[in-house]
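First chain A sits with chain B, and in the next complex the same chain sits with chain C.
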Partner chain A sequence: MESTEELQFSDDEEEVTAETVLKTLQSAWQNERLSPEILPHQNDMVECMLGQIQHMERNINKLSKTDLRTSIHKMEISRIKFIICNYLKTRLNKIEKYCIPILNQERQRIETDTNYLTPSEYKYAQEYVLNMENHMKNVVLNKMPGNMQVFEMNKMAEHPNLQTHVFLKANETINGVVLEDLTGEDEEIDLEEGSQHILQYKPIADLLKNGKVTLL
Partner chain B sequence: MHLLFKLNMNDANATTENRSLWTTVQVRHSALERNKRCILAYLYNRMKKIKTLRWEFGAVLPPDIRELLSDDEYQWFSKYSGNLALYMRSLGQDIGYSGIDLTENLKPPKSLFIEVLCVVDYGKLELEDGDVVMLKKNSRHYLPTSECQTLIRQGILKQIM
Partner chain C sequence: MEPYEIEFIGENRIISITPNFTHDKIYLICGEFGPFRAGLPVNVPLWLAIMLKQKQKCHVIPPDWMDVEVLENIKEEEKRSRFFTKMPNEHYMVEAKLILGSAAEDVPNAPEIKTIIKDIWDIRMSKLRTSMDALMKTGGGYGRLDHLTMMEINSVKPLLPAAMDNLLRMQMKTKKTAPSLNLNSSTFSQSGSSQNT
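Take a look at the complex of A and B:
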């Protein structure tokens, strides 16, 4: 039931179908929900999808109301909207939970131009931390004795737990994933294409960001 | 806490001459730190709860909850609300959308239309395609899901299984 309209991007030379955008968005949503830390943003996909939705809504309004196609398309639109909303919401929740480490990492990454957050998300995160700091200061810290008044960012920060285990599926053959053991031994394993594993998140974090691995 | 601090300061100044009071200073300092951590944790958890309220109720809080928040917390809540609204408006601004309301669509949609029971007298409700529905108490309606979502959350409609 995917719409198979074809889009032509003015800056890209290739034609990207709406179907591929939806598929990438779906896998991005899945990965974002299952991973413990925030992943690079897919804002282009989101915006493209939103444009598509607008287009579809306009088309639907032209058709007659009792047509079977309107209800099917409406269902599809509401499903896509849900995916987008949920994706953005999970990202917001992660930003709010891990705001201080994320801001620190983002400051380093801005220099290398590999942002994980969209500009609006970055602004949101900064405002949020500022808000929280002011709130704490006004309510509590200003009334405490002198040397306690500092709002210690590092102590308030909550770091994402990179050691959680995740289910993953390898999209390509990957050689040499190094797993750290508690006893200090490093075990190196190979992942075959299409195989499924349960691993700690940390070794495969980079692979997830490159798209070589998907979380299940 | 101030009392503890004053005592500590006095002792700290005194210890420069006499080493025996060192331990009291340390104990009091750790007590102070612990108090500070407890207070901050309490405040942080309240903040989290208020955040969930924003997602449930929207930007306007019902009066019985409003009186449970202190003035500072209400200020924080309005700032948080404003920040969230700003972010939502900026979504899709590049393509001319007026922003997506992220507080809708909290659950995956199961069907296009749902049957609802009206709990209070609301009056006229105009749907997207122009039909006007009279919402009287205890009247049942078969309406599209998107229209009902906000009303269900406000408590005006109730979904019939």
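Take a look at the complex of A and C:
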């Protein structure tokens, strides 16, 4: 299993080690678990890591069962699979919960090519909403008087609470994060590198998406 | 996040072990480790150390800070300081729990160390509760929490963020109703004054 160290990304010719991919994936998982809204997908990282796992599993089969490496590699693979599964499940949970606003925003994002969902997640969200609509119609709406049969999509929508408070750590020094104050006096704070804070999610949402802060 | 997930993250930390077997470098996805030479210290991730320990294939070398004297100093410092002091590592609780749980015989004075770490945790948690209380009383929507470890932060979830969310919601409600209240009271006083005249 010597050849697992470096892999090439064909599109930008940049060499990325499996280790870096794993680290990126782990922080993506952590942030996704802790953020109220869905974050931009990391499909490249997931695909890449799944490829690594497959490669590794093939190699393990070549080893004898008593080889110490077998159990170590199996353990590591289980750990990585846990991260990937949990990451994808967390995203699916959010997609199901906030399907309507996510789909509405995603349609605009696809136009500018800044989509947050992977194509299969997008398909899943669309089918989920469609199924929900059909279910509502079959169970309730079709049995209602004619003027009450309309399915009002936006009234069904549940929105993530972007004003919720989150814990975060600054990965680099960021100056002038504006905290909205209800009295109208906005407060500006600086996040020093490595410092930790609790504050509203909304002002730091973009910083999180740019990788400048990590949620804790 | 669940405590076991924090533990999972903490398990990626690197610690030293002395293996009792010899093996070439092992190329894992998270990096390469080894070569393993019986009796010579080598660095591995915590999860691997625990796994090897369970197979009785290594001794864990306790981290530098896992020492009665060092920990006593940290404890005193923590007691003295009004703020949270910097811990020797950001997953000290996870590391202590796992190493003392599965490799206690490799740590000199393990029972004492366990007690001191528990004391440090208790001091910090009580400090954390006091500062949460202060934060809520000032009605703040922002707090700085340097040097708190992930496990400590996790232990006040969902209480603290939820309390701050609710506080914000109440402030928004009062702000929304405040202008109309003023309006009502002013019309009331106007009508009152008109009655007087």
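Observations
By definition in this document, the second predicted complex is superposed on the first by the 212 of 216 C-alpha atoms of A that agree within 3 Å, B and C clash if a C-alpha of one lies under 4 Å from a C-alpha of the other, contacts with A are read in each partner's own complex, and residues count from 1 in each chain.
By definition in this document, a contact is a pair of C-beta atoms (placed from the backbone, for glycine too) under 8 Å apart; a residue touches a chain by one contact, two chains touch by 3 or more.
All values derive from a computational prediction rather than experimental measurement.
Once chain A of one complex is fitted onto chain A of the other, the partner contacts of A:Y128 are limited to chain B, with no touch recorded for chain C. In the superposed model, A:M136 makes contact with chain B only, not with chain C.
By the touch criterion defined above, A:M75 lies against chain B and chain C together after alignment on the C-alpha atoms of chain A.
Once the two complexes are laid over each other on the shared chain, residue contacts for A:T164 go to chain C alone; chain B is not touched. In the superposed pair of complexes, A:L22 makes contact with chain C only, with no contact to chain B.
When the two complexes are superposed on chain A, the residues of chain A that touch both chain B and chain C are 71, 75, 79, 82, 86.
Against chain A, the residues of chain C that register as touching in their complex are 1, 5, 8-9, 12, 21, 23, 26-32, 47-48, 51, 55, 57, 141-148, 150, 153, 157, 160-161, 164-165, 168, 171-172, 175. Across the interface of their complex, chain C is touched by residues 1-2, 4-5, 18-19, 22, 26, 30, 33-34, 49, 52-53, 56, 68-69, 71-73, 75-77, 79-80, 82, 86, 161, 163-167, 179, 181-182, 187, 189, 195-200, 216 of chain A. Listing the residues of chain B that touch chain A in their complex gives 1-2, 5-6, 32-33, 36, 39-40, 43-44, 47, 51, 70, 72-73, 75-76, 79-80, 83-84, 86-87, 90-92, 94-95, 97, 100, 102, 104-105, 108-109, 112, 129, 145-146. In the complex of the two chains, the chain A residues touching chain B come out as 46-47, 50-51, 54, 65, 71, 74-75, 78-79, 81-82, 84-86, 88-89, 92, 96, 120-121, 123-124, 127-128, 131-132, 134-136, 138-140, 144-146, 148, 156.
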